[in-house]
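Take a look at the structures listed below.
Next come two complexes built around subunit A: one with subunit B, the other with subunit C.
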Partner chain A sequence: MKQLNWRVITTHTICIIGVIFMSLPVWIAFATSTHSAETILRNGLQFWPGSDFLPTYHEALFVEGGVMKSVLGITMLKNSLILGLGFAIGKVIISMLAAYAIVYFRFRLALPLFWIIFMTLLLPLEVRIIPSYEVVSGLGLLDTHAGLIIPLIASATGTFFFRQFFLSVPDELLEAARLDGATAWGFFIDILVPLSKTMIAAILIIMFVVGWNQYLWPLIMTTKEENYTLVIGIKQIYQILADGGELPQYQKAFALTILATLPPVLVVLVFQNWFVKGLVESEK
Partner chain B sequence: MSKVQLTNVRKTYPNGAEAVRGVDMEIESGEFIVFVGPSGCGKSTLLRMVAGLESVTSGQVLIDDRLINDVSPAERDVAMVFQNYALYPHMTVRGNMSYGLKNRGLPKAEIDQKVTEAAKMLRIGDFLDRQPSQLSGGQRQRVAMGRAIVREPKVFLFDEPLSNLDAKLRVQMRIEIKRLQRRMNVTSIYVTHDQTEAMTLADRLAVVNDGKIEQMGSPIDLYNNPATLFVASFIGSPQVNLLPATFDGQHLISGDLKLSGFGDLPTSTELVLGIRPDELRLDESGPFLLRVDIVEQHGSDNLIYGGVLGAMNDGDQETEFCFKTSQDMLPDLDSTLKLGFNDERAMVFNKVTGERLR
Partner chain C sequence: MKRVQFEHSAIPYLFVAPQIIIIVVFFLWPAAQAIYQSFLLEDAFGLSSQFVWFRNYEDTILSESWLQAAGFTVLFSALVTFLSLALALLLAVKANEVIRGASTYKTTLMWAYAIAPPVAGLMGNLMFNPLIGDLYKFLNAIGWDFNHKLDSFDAGFVVVLISVWKQVSVNFIFFLSGLQGIPKSVLEASLMDCKSSLRRFWTITFPLLAPTTFFLMVINITYAFFETFGIIDTTTRGAPGGATTTLVFKVFQDGFRGADIGGSSAQSVVLMIMVLALTVVQFRFIERKVHY
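Then we have the complex of A and B:
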């Protein structure tokens, strides 16, 4: 019994250290964001919350000139949401359709095509960022949401996950649907999509977080302030802080950081059940 | 009410494997046909070709005199019940049953009426709003049948529908399927490897072996008059007793045994004598000496298994007989029984070709 207690204590200690190690920086960022610029400049990072929470966040989100020259924090939040959602939804749609074609339409190139798609996993966006920019600029889509999202929505990971899932769906379901007079499109919409519900949710969540955290692509793509995402905004605010002669507004930079981490955290917290279900089980 | 006609139907897979090698068959309107055979014999492939789930390599498939080789499964107006039910797991029972009708663009009121009617017939009316995962195996199988029934198809196709059920339920469902088919009078093709199911359900039975129809006819006809060794050994439970033998002009010779009562058989080839377990009888002057090995008590009758002393062996295997007798017959193990048989009902086959000679 005593031995067991020790084991419990040890494992818990290790876990707690891990939690502290990972969450402490976030806490310090939050605590610091609630202090005034003067306090931070005089005393450095703060561990305990201060009294400036409301004014700082209000200014960061809703006051013109609060964080950027003209754009509001809330606008950047909206841009980030559009990018995150567009990125995730686009990826799910494209990769589901690709996987559907690869698994259910037995054309000769299905397997080679799948492996080519799969190999693009080895090529991150950074490798093709110049040509992609050239294409988007040629289409006149610079500084638009479409130009920001469309080049990113092909997804090898998503295609792979959906392919594996579709392969596990029994053939008899397709045959029953064919006898029931379902068209290729009907089978996809009526049977496959509902069956993939949890899978779709899991991929949506992962991709939303990835899309939300995109940095390099939006940085290159957006030149106008009103198209900045939060992640870009954080980078820019430090630059503005460094350039200007006035008192550095560190508390607002920290506020933006906290705002930028909140949505992905919320999404994962709220949907974690779906997330786990989608990755470990499926209703068939 | 439709007839189905197969003319020299063949199926060759791209890798060269021949699954079906020339099948001719006419199925009358309202008939219940069972394809029976060992696994891998091509019976399911044949069924799936009628359904349109497998392409036909050559030959013709006709429903009501209409050539349907290249007609899509949905337009063939057939309904199929699968072994693993293949219910749409995310739809309710009602959704499962109405999906096919919805795709055909029937008005909602009519769909509801048909589904309710079919559900009542199958006694699943209480489950209409449940998901398949909340149902037992037997109930799922009923839903799968309901999905087939509501379509009012020309032909019902069953692909080993009872294999996933436990033994008791299988017997119940078997009777229910038969009753349903009688009542609806729809032409049906049923695939199974279970010969009891085949015997009890079929109007006519087609024994499939190696991609060909070995023999087709009423179950009792196939039992009494099998055309080949394969049919004789496949139909009937317990299996027919087989004794390797040769003919010397007057007697069948098997090892030390000399059996009279046979004539007009070829002397040059190896033969097989087939005697059904219930054609054997206790007989002090009979030719067989059975050394009792195992006695199985089935209630109303006993099955006595044992080696036949002095008989020609098939390779290394001792020739074994099964003797079906009454429940009060309980010989000691390793004792011997003297057995005779009804030579009128004994069958003789050519061992090489399997052809029946007598």
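Then we have the complex of A and C:
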């Protein structure tokens, strides 16, 4: 009995140390963001929240020149949302359509097209970054939402995910639907889409987080401050701190960090079960 | 492939068209461009270019700075992969054992997944800030003459620590779901045969987790190669003296900062070959898993 207790205590201790290791940096970032620049410079990072929460976050979100030179925090938040949602929704639509064609139709180019989609796994953005930039700028899409989102959404992960799921749908469904005279589009929209609801939710959540967290592509794609996402704003903050000023505004850097973190974290926490399902199944 | 399918018609082409068009315009064409440009040498003003065969490859891949970056990338990937997997496995096994409070641990250990690498990088950067950073002060207080701006080992320590921190949660989620997939009957049977929980873990649980571990290794290596760009760009930026420059960071640096398109493209092509190799490894493994 005594031995068992020791086991339970060690298990909990290890878990708690793990939780502290994972959470403490974010907590400190939050606590520090609620103090004034002077306090931080004098006393270092803060462990307990201070009294400057409202002024700092208000300035970061709504005051011009608060964090960036010209762009408001709220604008960056909006841009991040557009990127996250646009990426997630675009990816679901495009990959569902493609997976539907590949699974449910017999056509000559099915296999070669499947391999073309597969090849995107070999071409992460990082290895084709400069020519991609040239293509997008050639199409006049620099600094646009379309130019930001579309090049990101065609990778194979979503297509594989839905292909896998469609293959598990019983064949009898299509037989029955065809007896009832369903068209290709009708079967897709009236039967397959409602059937895939949980799958769609799961992949939407993952892809929202992935889209929100994009860094390298928005970094080279956006030249105007008004198109910055929060994650890119982070980079500029870093620059400002590195260049130095009279009084480094650490609290704003931390506030922006928290703002960039909060929405995806909330999505993951609120939709935890769907998120885990989507993550585990889409990577397989 | 389905047994029952729609008849041959133009419809499937309409359904795949959006994805294929985007892939051709934004994936295949740029990749082909990268390969083509890797054989070209542009003059200083970008006005004319000349076909130079493999000279860009020779110039960049054999250069000291590329070899240094390659060496660092390999070491960095190995460290990040091993440490984050080991840590995540330990936490997953323990969180799986817990009876009371299991879901709290699960939630608080996995939520960091949602944090972007550059955000993690900036947070870490501030923790290691010489003026206010507690970690910086702490390490110096315990007698480690810590300075990640000047010392390449210390800079490596910073990027490895942040990269591991960022990756633990993903691995944790997969390990936990792998552990929960092990049939209860197997574990109960092993409990009869073997008293030592440590031995039970290494002889029963760990081998059963092998497919998950192997798959995660591929994911983690890809992460260390590509996604850590955001962490490096917000912390050391490859300094001091290129000691923490990864291959991807170097592609970006040479291509955008240095405007060396040919050399940067040659590096991209080498990276493509590396991804190809990784994918082949991954798929051979998946094939094996099917026979399991």
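Heads up, the rule we're going with is that the second predicted complex is superposed on the first by the 261 of 284 C-alpha atoms of A that agree within 3 Å, B and C clash if a C-alpha of one lies under 4 Å from a C-alpha of the other, contacts with A are read in each partner's own complex, and residues count from 1 in each chain.
Basically, a contact is a pair of C-beta atoms (placed from the backbone, for glycine too) under 8 Å apart; a residue touches a chain by one contact, two chains touch by 3 or more.
What you see is a predicted model, and the numbers here were worked out from it, not measured in a lab.
Once both complexes are superposed on subunit A, the partners subunit B and subunit C fit side by side without clashing.
Once the two complexes are laid over each other on the shared chain, residue contacts for A:Leu141 go to neither subunit B nor subunit C.
Of the two partner chains, subunit B is the only one touched by A:Gly186; subunit C is not. When the two structures are aligned on the shared chain, A:Ala260 is found in touch with subunit C, with no touch to subunit B. When the two complexes are overlaid on their common chain A, residue A:Pro194 makes contact with subunit B while staying clear of subunit C. In the superposition on chain A, A:Ala31 makes contact with neither subunit B nor subunit C. Between subunit B and subunit C, C touches the greater number of residues of subunit A. With both structures placed on the common chain, the touch criterion links A:Leu85 to neither subunit B nor subunit C. Seen from the CA centre of subunit A, the centres of subunit B and subunit C span an angle of about 90°, rounded to a multiple of 10. Contacts of A:Glu175 after superposition: both subunit B and subunit C are touched. Across the superposed structures, the minimum distance from subunit B to subunit C, using CA atoms, reads 7 Å. Common to the subunit B and subunit C interfaces on subunit A are residues 175, 178, 283-284. If you check the complex, the residues on subunit C that touch subunit A are 1-9, 11-13, 15-16, 18-20, 22-31, 33-34, 37, 87, 90-91, 94-95, 97-98, 101, 105, 107-119, 122-127, 129, 131-134, 137, 165, 168-170, 173-174, 177, 197, 215, 219, 222, 226, 229-230, 233-234, 248, 251-252, 255-256, 261, 264-265, 268-269, 271-272, 275-276, 279. Looking at the complex, you find that subunit A touches subunit B at residues 170, 172-173, 175-183, 186, 190-191, 194-195, 197, 283-284.
Only residues 51-53, 72-74, 78-80, 82-84, 86-91, 99-100, 103-104, 133, 147, 151 of subunit B touch subunit A when the two sit together in their complex.
Partner subunit C is touched in their complex by these residues of subunit A: 7, 11-12, 14-15, 18-19, 21-23, 25-26, 28-29, 32, 40-41, 44-45, 93-95, 97-98, 100-110, 113, 116-117, 119-124, 126-132, 134-136, 150-151, 153-155, 159, 167, 171, 174-175, 178, 184-185, 209, 212-216, 220, 231, 234-235, 237-238, 248, 250, 253-254, 257, 260-261, 264-265, 267-269, 272, 276, 279-280, 283-284.
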